[in-house]
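When the chains are written out, they are named A, B, C and D in that same order, and each has its own residue count from 1.
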Amino acid sequence: MCGVFGIHGHDEAAKIAYLGLHALQHRGQESAGVVAGDRTLRRHVGMGLVADVFDEKTLGRLPGAAAIGHTRYSTAGSSEVRNAQPFLFEYSGGSVAIAHNGNLVNAEDLRNRLEASGSIFQTSSDTEVIVHLMAKVPEFDPVNRLIAALRQVQGAYSLVLLADDKLIGVRDPHGFRPLVIGRLKDGYVLSSETSAFDLIEAEYIRDVEPGELVVADNAGLRSFKLATSEAAPSRFCIFEHVYFARPDSLVNGKSVYRARERMGTRLAEEQPAIADVVIPVPDSGVPSAIGYAKRAGIPFEMGLIRSHYVGRTFIEPQDSIRHFGVRLKLSPVRSVVDGKRVVVVDDSLVRGTTSRKIVKMLRAAGAREVHLRISAPPTTNPCFYGIDTPNRSELVAASHTLDEIARYVTCDSLGYLSHEGMMSTMGAIGEDGEVGVGYCSACFTGVYPVQLGKGGDGELVRLRRNKV
Amino acid sequence: MCGVFGIHGHDEAAKIAYLGLHALQHRGQESAGVVAGDRTLRRHVGMGLVADVFDEKTLGRLPGAAAIGHTRYSTAGSSEVRNAQPFLFEYSGGSVAIAHNGNLVNAEDLRNRLEASGSIFQTSSDTEVIVHLMAKVPEFDPVNRLIAALRQVQGAYSLVLLADDKLIGVRDPHGFRPLVIGRLKDGYVLSSETSAFDLIEAEYIRDVEPGELVVADNAGLRSFKLATSEAAPSRFCIFEHVYFARPDSLVNGKSVYRARERMGTRLAEEQPAIADVVIPVPDSGVPSAIGYAKRAGIPFEMGLIRSHYVGRTFIEPQDSIRHFGVRLKLSPVRSVVDGKRVVVVDDSLVRGTTSRKIVKMLRAAGAREVHLRISAPPTTNPCFYGIDTPNRSELVAASHTLDEIARYVTCDSLGYLSHEGMMSTMGAIGEDGEVGVGYCSACFTGVYPVQLGKGGDGELVRLRRNKV
Amino acid sequence: MCGVFGIHGHDEAAKIAYLGLHALQHRGQESAGVVAGDRTLRRHVGMGLVADVFDEKTLGRLPGAAAIGHTRYSTAGSSEVRNAQPFLFEYSGGSVAIAHNGNLVNAEDLRNRLEASGSIFQTSSDTEVIVHLMAKVPEFDPVNRLIAALRQVQGAYSLVLLADDKLIGVRDPHGFRPLVIGRLKDGYVLSSETSAFDLIEAEYIRDVEPGELVVADNAGLRSFKLATSEAAPSRFCIFEHVYFARPDSLVNGKSVYRARERMGTRLAEEQPAIADVVIPVPDSGVPSAIGYAKRAGIPFEMGLIRSHYVGRTFIEPQDSIRHFGVRLKLSPVRSVVDGKRVVVVDDSLVRGTTSRKIVKMLRAAGAREVHLRISAPPTTNPCFYGIDTPNRSELVAASHTLDEIARYVTCDSLGYLSHEGMMSTMGAIGEDGEVGVGYCSACFTGVYPVQLGKGGDGELVRLRRNKV
Amino acid sequence: MCGVFGIHGHDEAAKIAYLGLHALQHRGQESAGVVAGDRTLRRHVGMGLVADVFDEKTLGRLPGAAAIGHTRYSTAGSSEVRNAQPFLFEYSGGSVAIAHNGNLVNAEDLRNRLEASGSIFQTSSDTEVIVHLMAKVPEFDPVNRLIAALRQVQGAYSLVLLADDKLIGVRDPHGFRPLVIGRLKDGYVLSSETSAFDLIEAEYIRDVEPGELVVADNAGLRSFKLATSEAAPSRFCIFEHVYFARPDSLVNGKSVYRARERMGTRLAEEQPAIADVVIPVPDSGVPSAIGYAKRAGIPFEMGLIRSHYVGRTFIEPQDSIRHFGVRLKLSPVRSVVDGKRVVVVDDSLVRGTTSRKIVKMLRAAGAREVHLRISAPPTTNPCFYGIDTPNRSELVAASHTLDEIARYVTCDSLGYLSHEGMMSTMGAIGEDGEVGVGYCSACFTGVYPVQLGKGGDGELVRLRRNKV
């Protein structure tokens, strides 16, 4: 889970990239960075939020008409500044900068092979592999190099690169992760989501297609097709719509807000509840709760308030406070829930610990009944394509029945949206009745579109930890 | 507009105060501070957010079982660290710390008199006047000193003090600003709003009454009545309910969420609109928009998304972006508003500049019509009791007709809630038909409950700038 | 032990003050600050070194043609930013800023009296007392106020003040602490030492005399005589020459370097040693070691190297290093001392702990004999006039014989300069044979020129801790 | 000009390395870093001084019993954190960390070849080339890899590496740069100079020999000889003795202090002057000035005071101060030089600008005559082996006669030590009369022991800029 952004043809490219990253901040808060320049590329990265990593001075040191940027999600293991992207390398073709959203499944294999041939690595990220592969290609043009390199990699990648005065964007043949193209004045922009275009007043043109590589340079925009994309069916990550993308974004050509609202509507049909009020877990649960409430004919209220000041670390007293982390972020509105039968709509239930705290907080605020409704199916499998889900053993739905989960969470009833229901709201039912056409929903179904690298589950987990 | 917090009888008083301030952060983001101790008081204050001002180390330097804290609103002029509260002074009675929410209207007079008698001032805050007055009282007990000092001050004050191992809380006779009492284990807590109690798991007991002074020490909680409070009618600031307090708080004994929702309901009755969708300006406009939508029978949607990462400074490109400030904070959801007739509900319209930008952004996102509804009356007068409203000349409603404002804001229609409507939703219509019983609504009516100090409007403005 | 600086009549007064403080940095490393302005005064202070407290931005916020600055010595107890000078107060006369080098002996008395009359204090510094006294004077002119205030204070003070567009400098009637006057272009400067003048290219005019008050404003420089100064004999602190002032400075009209070198010469006469090499403890011991070596006819060498990077905190391993603190600062040159009989010349021996470590380090580096020579008499009494000497109980010479000290220090011989010898090198022997005419040498003799305030030694110590 | 340090076999290896770097701080102030660990290596580097780059927290994150450290000199171009050493790479052999003092002359060639074969570079440093070469060697053992890699590099290198739980140290066959071996308890330490051993209480064993590679691991210390070292004569950098090393250090087995003092003695013989006083330019000029003064029979005095607080940035007023940079660092003692004929002894004269400022400052302080004596020959050629001398065009002695330089510097007379004189004080005159046996003095003679890479002077300069 990361956000990538690129721009070509703007006097203040680094500043635009930095603003673009602000609009992609929800995709990653661990680190942020920008590489900018024309022939000479300069890099600034740091741990933390975009607003904290950059200031007038650091932006001033990044001149040039092209830039790429990256925000990185906070994961446990590899939280080090050396893994902060974009990376900037020098090789025989000059300088190349790269930013990556996704996860390669054969990175470990490739890395071993590269190291055996004498390559040295600077980071623990799978992204570095791509540049090593590029460096080995006996071509001068970076686009040709990249195309050749990508022939060897498998997995999920939406990449933006700067090389040789060109901005390059590419999505893997399955198109797991989003990447959209826009126009800003005379130049072009690339972004994980359209939310970045809205902020900088760029015009959305279209999505980069799965298996497509686009190049923006002074000659305009050109498009290439990766050879490997021929046979590959589209597999856009359904979780982007369920939870990850911003509701005001279009991803994969569809409104995130509307997708969530429709999931909420369908959820009300599949999992009705007798209740006095429907409340969302803000902010991502709001559209589906609205959809649920409308379909169910139960009043919608904001029964949980989300603090504007989260994302900061807070120190807990030794005499600890119950549900401290959740409490800092969410607070129940007693006047909304007191004495009521409450439907709480959330977009996912991963470990169950947060849901449990929310249910308890609502009861403490007077809720008579708490009915938990999840606008997605049970999350039963880890993601190997760039979403930082926990190991299978931590996914409560992987090893527990609905009843067991409900008991753990302490709710009066628990209902998930069905996989078929979710996919039908997305129009992803094939003519042959195939459920999920065009989408990857491996986290719900365990059906992985791209074969994993050798090694067992442990190794896969290790892969995932390296880079998201 | 500030938040105050106090605690007595807790091993980690400073940490609890710091968490309490986090839950009052919406009342002021300019500076934050805590004074803690038993007999020896220690102080730490800084510019910025609570989470940035304090860390494990600074909190570790504030031992003791009692503490008070303060968050200060960002105002233009007096943004200096020397004005960051709580203040800590030494006088013949020992040490005294003080934190203030409100504004004294005769501070300038008192300050001139005190300086003439040889007092020296360290800050440009009216709060310091109170401590100078305390220091002149020929009594030892700080409670008696404070009571005597308050005889001389006029205006709005909810104060918390630490002195002589006592926590003191007091509201002015009119009770302009809120202050609530809670219990945390064996100790007592004071806070501007109950939101702080929810975070720290304290139990709400009751509001400090107008003109009441409470003392928490090892003997428990005692209550005193200010002599000046006899003839003073309650004048609780209606703006706390309209805009300022957090929706999950009780202030003046009433739910802020429910008050806003009822104002929205009444607004729908007074100012209907033919439309396809009702959307709030988040976050403060959400409850009134829900109320409006329900009463009007028009679907409610979150048509504007608020960024989680606001409150950080962002650098604008030289080639500037339209509506930059609003855009960083709010973004329209095209799929919600495109092609629709939209009712936008906001809680106030002060200068009109933000509303204008929102209307334009909504139109750019495809809204066919934009009907702006304000869940409060026109703001026509400045506040002298602690809300940082702009000068009268900047209040667009003070000098423009409804039509002129609508034209400026570029909306298709504009409707405010009536003063009577607002007050009737608060149950503030007297038996004699008097509108606004128990409330100060001077900002809407120009009727000021406390006479202002000598001097013209300019001086008043200066007063206001000193301290909020 | 502090440094003060003032300037009037320069476009970049704050920047000049800041450079002046750099040249006075040796007088205090705990905190630094500048107040600058014309009618409106602005203040910036911080903990640490001048170079760390100020940057382009903070200096840019201090416009105006007049400024005062202060560097404060690191003392144990009161190391808080609220005690960082200059102070800035507002009183009926407007604003007044003050910076103080010295120590008032009746501050506690005065403070009690002021608090009893209703004054409130912001700091634990004796300097604040002076401004409170000024505020009580029924005059408008700050010079008259200050003169009246100083009638009530006793002790050591070299003050610089800014008030009413005037720069004021004053030394107490005994002239304990230095203060010199210079000219910089069309304006005037005041400084603790001439070293600051050399850096900023100001021209030294003369010393402010004991009991003299000078005022620099747009009319030029005027001089006043404090009434209390009539009967007061000069008592310039001999320790300034022995140790405290910079060797390139003139203080009290005399070269510090030459004074130290002459003390070294006299020391060689009084305390000869049979040795192969004379080495100083750098940097303050260098001139006296040169004087010693020349007179004794023994080669001078730099047998101890002082690190350029001291003044930074270093973390010690758990498995601690012997003499860690001294080792970080000083290292012996083996090739100079190995196999030699070494005379080490230092300017003072206070607790004896550092000398002991130096002797041991020299022996470890091969010194055959170590003869310690101190170019001042034994320090037997604490200072109450602004030098941060330890309590009497920690002064090793106060309670131990020469032999005991030598044994503790582990040197082969120990010799001090006699009090008479020291004073004769300063030309401070009266015609009547009185030793020490014009100087305070209470730390060596116990003869205190100004009577101490009531209370025992403990209180005095407390006084001293408040402010140096 | 950098400092390197390594340790193996100590529980707090990172802390010891950090202290070692403090004692090597004079060798580089631009950046500092430590890599520590056992099998897993962790890295922390930063711009600035050791004391500012590290704190308790960052050191706490560097556990392990082995560590290497590096301090880097401030050069103009490549001052970027990505060039801060030690570097840490991963390759097929695992992790390897490296720190380098010196400069490779064929780095550009090697880099081009490596890039052509697909290597990607992370830094602009020549040091990275060595690790790439190691990575290409088809061996597992890092020692064998390093030995093979070094076969291909030419130039100056004293390296410390950590790999596979081994600490490795190596000097190039000519031994341009110093590297010494010590023992600390049960472990071994390597350092550029012995000054680091003195601080950490390690015992000096011997120098690493030119062309020697030593390995410290749990089995003890082993020594290898580089094949290329057979025919290579020793060429230790004479500038280490003249200027660069700390006077309390032994480098190349000789006392730096004594070497300088002897150069001063010889200088007095070769370049006498009729004068009243001899003063050094502190600190590096002190020993040679002492030697000069003794031999000439003229009194030695510290006529220039060096500030303890240099190394911090200071902001200059717009109305600039003459000789600002030198003035911040050095101040003349008027009482020493006023009316006197002064001999100033400095260790080098590179551009002449600093000397000119010193001469002018001394005259302004009253010096009647100023005779400048340099305890080394004229610097006429740039260094390509790791000393950051300026380009030939900036070396004043490369293109000006003695008279011209003296006129520029405005001194009354100017005298350099002869090359033969310098070498004879070092005992570096061969039996055949060869001057400079065992030393590189190319900066004085233009005779470069190692042939330079292809390309003209411009390319060489570029090389030098990359890494020192």
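To be clear about the criterion, a contact is a pair of C-beta atoms (placed from the backbone, for glycine too) under 8 Å apart; a residue touches a chain by one contact, two chains touch by 3 or more.
It should be emphasised that the depicted structure is a prediction, and the values quoted were computed from it without experimental measurement.
> Express in whole angstrom the distance between the two chain centres, defined as the mean CA positions of chain A and chain C.
62
> Let me have the rounded angstrom distance from the C-alpha centre of chain A over to the C-alpha centre of chain D, please.
Spacing between the chain centres: roughly 49 Å.
> Could you grab the centroid distance between chain C and chain D? Build each centroid from C-alpha atoms only and quote it in angstrom.
37
> Quick one: which residues in chain B touch 2 or more of the other chains?
Where chain B is concerned, no single residue meets two or more other chains.
> Counting only chain pairs that touch, give me the topology of the graph as line, ring, star, complete or other.
Drawn as a graph, the chains make one closed cycle, so a ring.
> Taking the top-of-page definition of touch, could you list the pairs of chains it picks out?
Contact pairs between chains: A-B, A-D, B-C, C-D.
> Where on chain C does chain D make contact in their complex?
Touch residues, chain C against chain D: 11-12, 15-16, 18-19, 22-23, 25-26, 49-52, 54-56, 59, 195, 198-201, 246-248, 250, 255, 257-258, 261, 283, 286-287, 290, 294, 299-302, 305-319, 321-322, 327-328, 331-336.
> Can you name the residues of chain C that touch chain B in the complex?
43, 82, 89-92, 112, 115-122, 124, 131-132, 135-137
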